[in-house]
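For reference, the structure I am asking about is given below.
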């Protein structure tokens, strides 16, 4: 834990609320930077996102996270009660940290954005509000609000700043994920009202958890399905993933970074936070299905990567593959599985940030991301090549980088599960996916950066990474290496949470 | 005490339950005189607003104070009436406020226009307070007949003329259906007082006459609320009428149908459900099916619309479908949620129509493509429109989301038991997601697409004021629904005894 | 006390990597001197540690020094990081750091023309050294695996060093990047198996620490089948990393990298990691004789196959690469045969058999060290030649002896050593390898397989001598080729001095066998646990007796001499035309050999079908079926909106009709509902 | 005494005729008349029920509804006049410009 290195014991009042308000104020302030002040938008956004990041880092250094929970009754009417509850625990702390860091770094990365920068940065900050809110919410009402709040900035990011097919991609993203959200909302209704006691349906996590003991098996199984669908689309899990490649392909780089780095995690976060915590019996029932689709996503995503021609689309499919890994980890329903599912979420958040930054930067510098048009660019773009190599290696699970530990733990947890169900051969799929992952990354590397220098495109205007881009990439890479060399730094946050959840699930 | 209804009772004595209506009626009577005396629209508008404000003040005083009284067994002021009257007053207020500067409303007959507006509102308020079939019928008719004229009172526009014809014919048809149903109901129950009907029916078995009464009343009220398949008039009339009037129809007139439905059906069925002889569930299914079809057709057809008023009309149809969930679920919580949704609908749909009206006034067309580049030309208007549309689509944390949250959740759970209407909730949420598609088209046109014209737009102040109010309420009701939801809950408690 | 600083051994090169990687641009020679210093430091420290260790009590009991701290935990399983020093680790550290130092020095000269790219080169080789040394001193499988993969990464990066902007043009870039990818992927296949093995061990033993896993009582408590599975999976990793049959195809391609890289990674050190791992896991592998049998057979087959492919290759580096494969095969044959006997001995409690097995262990390790030196020498020599002539094709060389005396002579020494010319290094180790293999054939049911392997190994020895001298003669003797004419003389001192040093070792190192090497590098069970070292070897007289009193020794020597003679006749005097034997290159065997027994084509086919073929299918499913369904759904909604909208004809009469139909439908619906719900 | 069903069926038939007219007639004046028919069918119902139950409320209702119907027709005719002035037709087919 960070707090073992340095314990930050000064209690900042309303820290969690500040984490929501600062980006919100920042978004408004940035939006005001229109017209001639456009140039300054990035500085305003930078300052606000930096402060948010600092606060989220402070949170990491806080030894006792429970001091920061805030709870106020918000709405109490007609038999329903919603509260404004913010809290951070082992599950969410890493995600909050990730959000804080990635938003700041994607702001830095996009410092060169010159078209309507005030909108651009305001949207990024607005998205941060939603993302932070999702991870800190302690009430289903707040949770769902924040969940949906993330959609709108992303929609605008894609459709304003996206590529040629941005309208299609944006609306597909918007509608598809919204459909999933509303199905999830039904599930939330079911658990909230099902757990209601004394005629009051309390939307807080705590109350629902307390009332969940009364859920019958059939109820759990059905409602798990609803919630799971909602979250699985967000993750996304095959076959509900097709919005993702399109969204990524068209989204601006910063949007992709946040989409893959933090937004996809909302899905798996939701599964753990809601499905597993509240509906353990449902989880037991759905376990084989989760395992199956997790494996499917893993292998399918990896194979799809091989076939992709667009670098960014390939990275998008690799996200699907890696989130499949998160899925099988969660499906183990064991402490190792949950611990490393969260860790993989964190790891993939960092790694996919690098990948999307690199893919985006390729598009900026070279003018195209089509792999068949590229080749031999490492000589012209050494920095980009180096970061791409680093990102690819991290993603394919090079030991010593954060991705490896996640995969190691996940597969071990899965091994444990496979032994318990007497189907050891299932592990082969995990190992196969590792191999395929290495395959598509290295093949892509070979075709883009190495080999014959391409003659298919005009190379006279290509330029290597700009300074802000290098800073952002360097910082993420440093984090990847830091947590890779010292995984315990992040893992220790999860131990308590995962083992207590595993107790609830009845499988240790 | 801050809210004290004694001032009302002092003035109106035994007519106190009708106090808000009386104020309106007086207003309606003096309005032409005011116009002829001053010949100025603004003076009329000022008086209008004053009248509505006074009426609203009385109503709020009574409502918050928990005033309850009955007049001659025909009208009863209670929490339900108070909430619905408030709703109608708000609608009238907005209509009056913007019609003064709208380019679509009549200039020559402005006094009459306002008088009719007040009369129509009074009719609606009558329905809200009515406790007898006769008063319900009269209220509806008062509201309807005046609105026919309101629709027609657009400056020599062929579309308005056509809309008015369609409206009057369909209004008549619905009146006939409703009246037929009421006559059968009267025949079955032998009385016209709703409470008495409920008591009478609770001891009866199902009869053919009752079935026919139900069917024709559903059809008749279904016309009012524009439920599929009785919705066909709505898009045409909404498109043809002057936009403030469209707003009045879409947010106010439509609710009259619901009030009548609630008044008649809920009271009857709640009373009836205590006796096993009476088949409530079948009719709940009928309503559920109508609700499902209505929201689906409304949303799906809205997708293909290019005229924004028509699109909003279809969206209104869909919203009616959502509110019909109340009739399917028939629980107190559902009713409270439904009423709350009606409120939020006033602000979000009303706001959207206001913007359309404002833009027509400044010369922008009704086509979605006319809205291209609006974000540059009128940032606030575009922003407000986005809020309204997203609220209609149920995007949190806006009012539409919160009210839908209440409404849809009522279809899932009722008093700790999972209801059989979960499928309806599913249909509703999926529809809600579909609706996002066509709302987003408008947002896209405003924000993403580039318009041919880039000059700034300045819209009339009254429109701005009304739109700002709607924006404020769309946000506030989203975040703090209890401001109105509490009253809705009280009101629902009244109908459910 | 130096042992406590073992962690510095991999760390110093790592620091060099970081420093050179970030700041190397401004350093002289791209940071080369710093990297050399790092390697030298590691070597000196290794010497001190080894001295420290061998003089300590721990050397005798328990035979290792280990220390670790908690790294992180997986559930209730604790993962540690630390060091584990025993004789084997000392040996690995010593030869790896020593050879690396020499090769780095050589690189200063060899890479002189690369300019700014040298920074990348030196940073990467330094990182590689970290991997190798870290592997040697790791205290558990997981830590070992980290370094194992770091080496794999460096191998990938360095093979692809010229993956872009190749001095010889785009085709060379293409093949370099392709070779790099192939190397990584094939080893990755092995690594994935190794990872699987680790999971098995972690699950069964609850820990990955060597101390725990190799504990005899622990091993006895675990299901032998799972140990077998784990062992085989670990050996899968070895097969990938050490390029054994059937994953041997990447190594020849890997010669696309700079020659120094081939020398360092693909001859002297990284490919030895597999041998090290088998030696390290000896306690585990010997739990099942079958595993060791498998190891030995794989080794024997590889030795033979790889040697055949070297017979007619014209590329000097490829010849050396095949030879590396073949020699690695020897090592695995030795370890496998020894382990087989040890396993049988353990099962039957036969101490003599176990002692015989221990000789295999010694043989494998000794051959590993010897091979490191002479193969590094040969590669560096070939690098010197390539540097001078600018080509790798031996047909374009020839007659270089006069121009490059030092290179020529040092390479001759290396060739003699690898060929097993009596009294040179390679001779000693190869003899005991062969002896172990033959010996193992006498035991167990499947022992006859080792006899076959022994025969193959003897044939391989003949072939080795032939192709090595074919190479030497073609390069340094005979007619001058096209490339040789470009040669402007001997390479710079920074290159020749390492050659000379290496040649001394290549010639004489093997003698350590006679002077107590097997006291240190042997394996046996002491006080109930496996211990490397502190054994009682045969001693000088024992070994001399063993080797020189066996008739098979003379058989091998004879074969080697004959092979050298044949090469001399064919390629130096050219009195016999080699084309006679292969129908001038048109015999099927010749083609099979030049096509590497069609292994690459086979792999390409399988890889392409399994990779790209399936991927195409997935892509089709994705865009057409899954996304197609999504799009179809959305257009169905939009389409139905349009057609439903058509019902809105605008005519009041139609509207009225709809209303009436609605009323009728309501009527029907109410009837139906009442009927179905039993209301009527 | 004539049973109540006869009156009710009569009213229903009247109602159906009116409904039929609304659906098939092109002239909107006739349509308005048909609606009057339907209203009157309901009125007959009221009267009949009132008579048979000797409850006076039904007759009150009828008086109300007749006046309402009168108002409605008045407004309707005015609107049709307006439409005729603007569009030159009062045929349903001619008043179908807004659709889809």
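Chains: A, B, C and D, in written order; residue numbering restarts at 1 for each.
The definition used in the following text is that contacts are C-beta pairs under 8 Å (C-beta built on N, C-alpha and C of every residue); 3 or more make two chains touch, one makes a residue touch a chain.
Please read these numbers as outputs of a predicted model, since none were measured by experiment.
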Inset, instruction - Would you pick out the chains that touch chain B and also touch chain C? - result: A, D
Legend entry - Chain whose Cα mean lies nearest the overall Cα mean: A
Legend entry - Chain pair, C-D or B-D, that carries the greater number of C-beta contacts: B-D
Inset, instruction - Compute the distance, rounded to whole Å, between the mean C-alpha positions of chain A and chain D. - result: 64
Legend entry - Approximate Å spacing (C-alpha centroids) for the pair chain C, chain D: 96
Inset, instruction - State, to the nearest whole Å, the distance from the C-alpha centre of chain B to the C-alpha centre of chain D. - result: 26
Inset, instruction - Determine the centre-to-centre distance between chain A and chain C, using the mean Cα coordinates as centres, and give it in whole Å. - result: 37
Legend entry - Multi-partner residues of chain B (each touching 2 or more other chains): 165-166, 169, 173, 177, 235-236, 304-305, 434, 437
Legend entry - Junction residues of chain D - those touching two or more other chains: 22, 28, 31, 95-100
Legend entry - Numbers and ranges of chain C residues touching at least 2 other chains: 634, 645, 648, 650, 652, 656
Legend entry - Contact pairs between chains, per stated definition: A-B, A-C, B-C, B-D, C-D
Inset, instruction - Within their complex, state which residues of chain C touch chain A. - result: 70-75, 77, 142, 145-146, 148-150, 153, 156-157, 160, 163-165, 170-171, 173-174, 176-178, 180-181, 184-185, 188-189, 192-193, 195-196, 199-200, 202-203, 611-612, 614-619, 622, 626-627, 630, 634
Legend entry - Residues of chain C defined as touching chain D within the complex: 645-646, 648-653, 656-657, 660
Legend entry - Contact set on chain B toward chain D in their complex: 133-134, 137-138, 141, 144-145, 148-149, 152, 156-159, 161-166, 168-169, 171-173, 175-177, 179-180, 182-184, 186-187, 190-192, 209, 235-236, 239-240, 304-305
Inset, instruction - Would you mind writing out the residues of chain D in touch with chain B in their complex? - result: 8, 11, 15, 18, 22, 28, 31-32, 35, 38-39, 41-43, 45-46, 48-49, 53, 55, 57-58, 60-61, 64-65, 68-69, 71-72, 75-76, 78-80, 82-83, 85-87, 90, 95-100
Legend entry - Complex interface listing, chain B residues touching chain C: 165-166, 169-170, 173, 177, 206, 211, 214-216, 218-219, 222-223, 228-230, 232-233, 235-236, 279, 281-283, 285-286, 289, 297, 300-305, 434, 437
